[in-house]
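Once you scroll down, you'll see the structures, which are given as structure tokens.
In what comes next, chain A is part of two complexes: it sits with chain B in the first one and with chain C in the second one.
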Partner chain A sequence: MSVAVRERFGGLTRAEQGAVGFVVLLAALLFLGLLTGGLAPTYFLYLVGLVGMYVLLSFGLNVQWGYTGLINFSVAAFFGLGAYGTALLTAGNSPLGVEGSRLLGIIPLTIIGLLVAIVLAVVVAVAIGIPTLRLRADYLAIASLGLAEVVRLVFLNQRDWTNGSAGLRGIPGFFDGWPVLETFPEAMPGLRVEALELSIPGVFSTEILGFTLGTPFWQALLNVAFVLVLVGIVFAVLRRAHRSPWGRVMRTIRSDEDLAEALGKDTYAFKMQAFVLGSVIMALAGVFYAHLNLFVSPGDLEPINTFYVWIAVILGGSGSNRGAMFGGFVVIAIREGTRFLGELLPGALPTAGIPFTDLVVSFPTVIETTYTTVVNNFASTRLLAVGLLIVLVMRFRPQGMLPPQRELIWPRSVAESAGPGETNPRETIEEEATATAHAADASAGVGDDGQTAGDATDAEPAGDDSTPDASGPDDGTADGSEDAPDEGGGRNE
Partner chain B sequence: MSVLEFLANGLVFSSIIVLSSIGLSLVYSIADFANFAHGDTMTVGAYAALVTFGFVGALGGEVLGLPLGFFVALAVGVGVAAVVAVVTHKLVYEPLDVDSIGLLITSIGVAFVYRAVIQLGFGTGFIEFEITLLRPIEALLPYGIRMTLHDVAIVVSAAVLVAGLHTLLQYTDLGRKMRATADNPSLARVSGIRTGRIELWTWIIGAGLAGAGGVFLGLYNNISPRMGFNILLVVFAAVILGGIGSVYGAMAGGFLIGMINQLTPLLPRLGQELPLIPESFGIPIGIEYANAIAFLIMVAVLLLRPSGIAGEEAT
Partner chain C sequence: MSESERLRDGPNLDKEDVVLRVDGLRKAFGGLVATDDASFAVERGKITGLIGPNGAGKSTIFNLVSGFYEPDAGTVTVNGVDVTGAEPHAVAEEGLIRTFQTPRKLEGMTVREAMLVGPQRQPGESFVKLFTSPDAVAEAETANIEDAQRMLEQFEIDHLATQPATDLSGGQMKLVELARAMLAEPELLMLDEPVAGVNPTLANKLREHIARLNEEGVTLCIIEHDMEFIMNLADPIIVLDQGSVLVEGSPAAVRADDRVIDAYLGGGGE
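Our next item is the complex of A and B:
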């Protein structure tokens, strides 16, 4: 490990170290699986794609809950709208499908599908938002869960449009009908990675590697590239938006809506913007999912999927985008880890014989039968893990693992205000360039971020308005609001 | 099916919804958060009763077509639901240092834990009480009502429980303290009421009623790990329609929502059933959207009259 890396790692908070350690460990495990052949490369890329999908969903929820404080329990509905939006147009057995892979022979159908999904998400988000966004926070939670259920019931029961519970099959890959990219997976040569035999003579020998990278592999690689592009674009947009005056108004609404009203903000309009933006991001994740999985069904709209995303966001740290990324990894770890464990456990408890005697130790029948039932229903441990994680996070770390700290501040402002003793200019991971210089003296005084944040944002350059609301009268909001939301990052101060 | 039969079904279903919505409303007003684990508390009660019934099902005697063992199982289901809720309150909710939204999110985690544990033990399939199905009551058939003694048992039991709760709230010391705490916790504390203890009693009563609702739901349909979560939104609709924090509002809301839910099949042929409306009139909606109607009513109530039927004054 190079010195620079070690220094950076030392400059992180304990929680950040834990998060980095977790991601590294998970990556190492996956890589090990890849090496030993336990995990096919194509499936590995599929998992990476799923991580990207959850990251996208978490970004979407972060805009709503993390930035603005809207409790949206209809994540799965918007995800499903995105998936169905594109699938209805492109799927082989879709009642509303369009023949061929291009519209008018020019535009790839999947692009149209993407646009349809976005439009659908916007329309439904506005339709749900109009009645619910004026409600109290806990009413919004109940109402959004109910409306999500309505959306699911519609997809389940309108068979003549959606094919009902049978779902939609035969969805093409996203790049079907595109120039060049359509034939990319076929055009790439098949690679054969020869098996390597590892052995310590007399002790053990094992074969590692040894797989062929064919068309499915390149297809999967293309999917991963697609989701990375989506994540990258969304991340850039959100980071810009979150630091802009628009983002400041959002944070003000989250911490004190009456204050925002008093400062002349139309909070309803702002909340609607955040709701629609978040919903569109969720729909994008749905579009990706449809073209990754090539099959969608109403089961994808189950409420449990909503709460996977909630786990990702509250565990990562509400309002924090890197927290959302971390959360995406954790969700996949839960999903795949429980599956893996379930396959690993033997169906019945083994009875062990004690060596050199004829005694056989066996467990009491109660334990044995209990064990067997539990193993047979092992899929439910996923639900258990999600539930326990929610409870534990709320109990011990309600602000999440990586609450937003430096994320809300312009890097330049941090650098300018970097005086001795008054600040620690540790940067978020993605802001390497400006941060490395100061990383060393970061370990002290991590807790006093609130004060620093306020100072630094005041020093923000004036010409950075990305939204029309940035002009003069907004200064009041900027100053007034900064202290509250930044104090600890958590909602529950 | 005749209109009377739909009304009869609605009465049975309403009884179940009323039982569950009272509990949810009590907890909402005294513990001060929307408890998303309430539905799964019902499931816990149902499974506890199911297991007990396996042991005591043969107990003799018969009341309203149900063996005495069933009522023992019902009592155990109520008890287990209450104990589970109290333990959860002590272990999870009480040590939490978060606002009511944080509690709401936590309660979802609690709901998942309940359901996951049940699924680990019983699988995800449907189970039924091993009670022989009865034939509809002969005396009611001429009126076009097909109702079994079991249905009557559900309605009667629910009525007894509701009457008991009414007595408790209006005529006992505990009831007065509960109403005072729901109305204004700080004032209640200053007046010397141990609000912590009242909160505990709220959990016991609320979860106990939910457990009873779960057992009856299991008797009415069948038992599955999803039963509670599936009905939770309908119960929320009832509570919001009745007015959050009002027990009597929750009863009225539960009754209305349960009725509407079961009367959904009538909507497409409204014109034929009601006088003064053209024959062809009807709202074209299938029974698969019965729950959706409840949700839409809920949203409409939230928009138009957030205080619900019972209005501002709590309990």
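Our next item is the complex of A and C:
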């Protein structure tokens, strides 16, 4: 067991270890919060739900931008279409609502709502895709920026259908009208977790636990189960698609659309598929949100939500499903974490008197006022923090925290073929290549084959493979580049 | 041989087994006529060279034939199918595969992955089939990986298979591009300046590979600036000047022709 664990983690790259460490640390903090009663279990589950929602949104954008290179600035619009799609049908005060919780007394209305949301997203995605996907990437970016506003303004102003700015309230939970699951939260017994007193006599004493798990808790648990199922299904589908020839064509289009065309791939059709698939995944996140929040309004379609998702994808590593997951997690950690931080920090900088004198040390006024402004407006400063984070990521790790690092070929096919085995994570290959290149530098300094030494090609800093022009001199092969694949390929054989 | 020693004014359209036929192709960019009534035919099993001074319209013709530009007039026929004005991928489906003058890099892929974009009609390129017939997809993928590996071995670059595709030298990229194009099993392979920016050693290697492909039955059409290279490889040679075909003939005959020399000297010399 422990060997298996060590092997599993030994195979991770440094970035993966870092990401795992970060997630574990935050999870531990949250767990501590749960234990000490600082974090209510129901709210904790709500946070998990939000993370799931952002992961879905990031998955959707990752299909469009990360795989295919489509710049979509209307993430919030497709999210909104999903949320409104189901809310219009099921909300208590919806002008277009349907009475009762089941259609024809059999099918739960929320299932129909889910389908309506998907259909809405497909229709709008195709409608915006037809004129723009034949053009260069920038046109889609501009059109989607407009689309986001159009969709938001339609929901805001089409009061007869959408209730306008008042929004739609009284949305049932997703499992309303389902057999068994509908009554699950009520049927579950209320659990009282008694408070425990922890104390080291004479030193300190504290109470932990001590909360009641009632209907809201079970309801939240159901929601989390729902989003986990959605995330699980979407992840499985994307994982399969990303490593398939389909995904390969998408990645080719992202790098060089002309090349894909020249090799006989109908890029328009492929881009349309990616755009529609991504939009549907975003709509799924919207459906979940509507049934989590039980209220939707045009405010949920604000452009800022689009950019949070972009940040999640870029931070996680464009083109990587795990990166999208990690990015979604981090964005929620920042968004919700800053709330706590704002409450924890003192409202003003403390001033300290120097002992035995009348002197009082205080910070310069500029720092003091800045601090006060920041702490008292932590919610707004959050945007600044997010912006800074993006600047730092772009500066020090432009490919994101968890960029795709393994060869994306279906492993079974690699194993069955006679070619070299599955390769190691790219980062490892490059580190090895760099090391070998340096070794070659020291010993010979000139590449074999009678060509000019091209060591610069291999000595590129590790992890730079996402920069478009990481090429070396025109010709020449260094020893490193020839040795590395043998080592890399041989290890797993 | 004596037949091909002769030089014709204009193109030789009277060939037996034609893969590509271009007829009266015309393309103007604003006031500049890049291609003006160009007609020529590419015979199966041969290497046809397309030369001409700068601005003669070689690259424009390449883009017109492969569907990247839409012609103002004229027709393009591949294997008897009219592909005039078709999308590039539709032209490629008819069996005409082209390469690019500047090698295209596939970011974030290994050489092997980049190779695997080549094969046509892969079942795994259908999103639905990934989930409805996973076995067929996996089988095709295994076969393609093996084909790719074999092709890399033929081009003597199999040691690069698992290298990042962006870390190759210019010459290696040309080889990978050629190998990938071969995976598409082309009826006609069109190469756009295959040795531009490649050192002489590798250029020789490329020539050997191209000659080998031709012996294996691949039809090629090559644009090239490097006279030495093309004259030792292609026959016939079609000379373009000012957007249309000047002469067509064997390398020796073309080399000796005064009009060809005039065209080149007038255009800046070679």
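Methods note: the second predicted complex is superposed on the first by the 371 of 493 C-alpha atoms of A that agree within 3 Å, B and C clash if a C-alpha of one lies under 4 Å from a C-alpha of the other, contacts with A are read in each partner's own complex, and residues count from 1 in each chain.
By our rule, a contact is a pair of C-beta atoms (placed from the backbone, for glycine too) under 8 Å apart; a residue touches a chain by one contact, two chains touch by 3 or more.
All of these numbers come straight from a predicted model, not from anything done at the bench.
**Q** Which of the two partners, first being chain B and second being chain C, lies in contact with A:Pro404: first, second, both, or neither?
**A** So A:Pro404 only meets chain C here.
**Q** Once chain A of both complexes is superposed, is A:Asp176 in touch with chain B (first), chain C (second), both, or neither?
**A** neither
**Q** Taking the superposition as given, does A:Asp266 touch the first partner, chain B, the second, chain C, both, or neither?
**A** So A:Asp266 only meets chain C here.
**Q** Name the contact category of A:Leu147: first (chain B only), second (chain C only), both, or neither.
**A** After superposition on chain A, A:Leu147 lies in contact with chain B alone.
**Q** Tell me the contact category for A:Ser244 with respect to chain B and chain C: first, second, both or neither.
**A** Only chain C; A:Ser244 stays clear of chain B.
**Q** A:Leu383 contacts which: chain B (first), chain C (second), both, neither?
**A** first
**Q** On chain A, which partner's contacts cover more residues, chain B's or chain C's?
**A** C
**Q** Write out the stretch or stretches of chain C touching chain A in their complex.
**A** It is residues 66-68, 87-90, 92-93, 97-100, 104-110, 112-113, 116-118, 120, 122-127, 130-131, 137-138, 140-142, 144-146, 148-149, 159-164, 166-172, 180-181, 184, 197-199, 201-202 of chain C that touch chain A.
**Q** Using the touch rule from the top, collect the residues of chain B that touch chain A in their complex.
**A** For this pair, the touching residues of chain B are 33-34, 92, 95-102, 104-106, 108-117, 119-124, 229, 233, 236-237, 240, 286, 288-289, 291-292, 294-296, 298-299, 302-303, 306.
**Q** Would you mind writing out the residues of chain A in touch with chain C in their complex?
**A** 237, 240-241, 244-246, 248-249, 251-252, 254-256, 258-268, 273, 277, 319, 403-404, 407-410, 412-414, 416-420, 423, 426, 429-430, 433, 449-452, 454, 457-458, 460, 465-466, 468, 470-477, 481-482, 484-486, 488-489
**Q** For the complex, which residues does chain A have touching chain B?
**A** By the definition above, chain A touches chain B via 71, 131-132, 134-139, 141-143, 145-147, 149-150, 153-154, 156-157, 303, 307, 310, 314, 370, 373-374, 376-378, 380-384, 386-391, 394-395, 398, 491-492.
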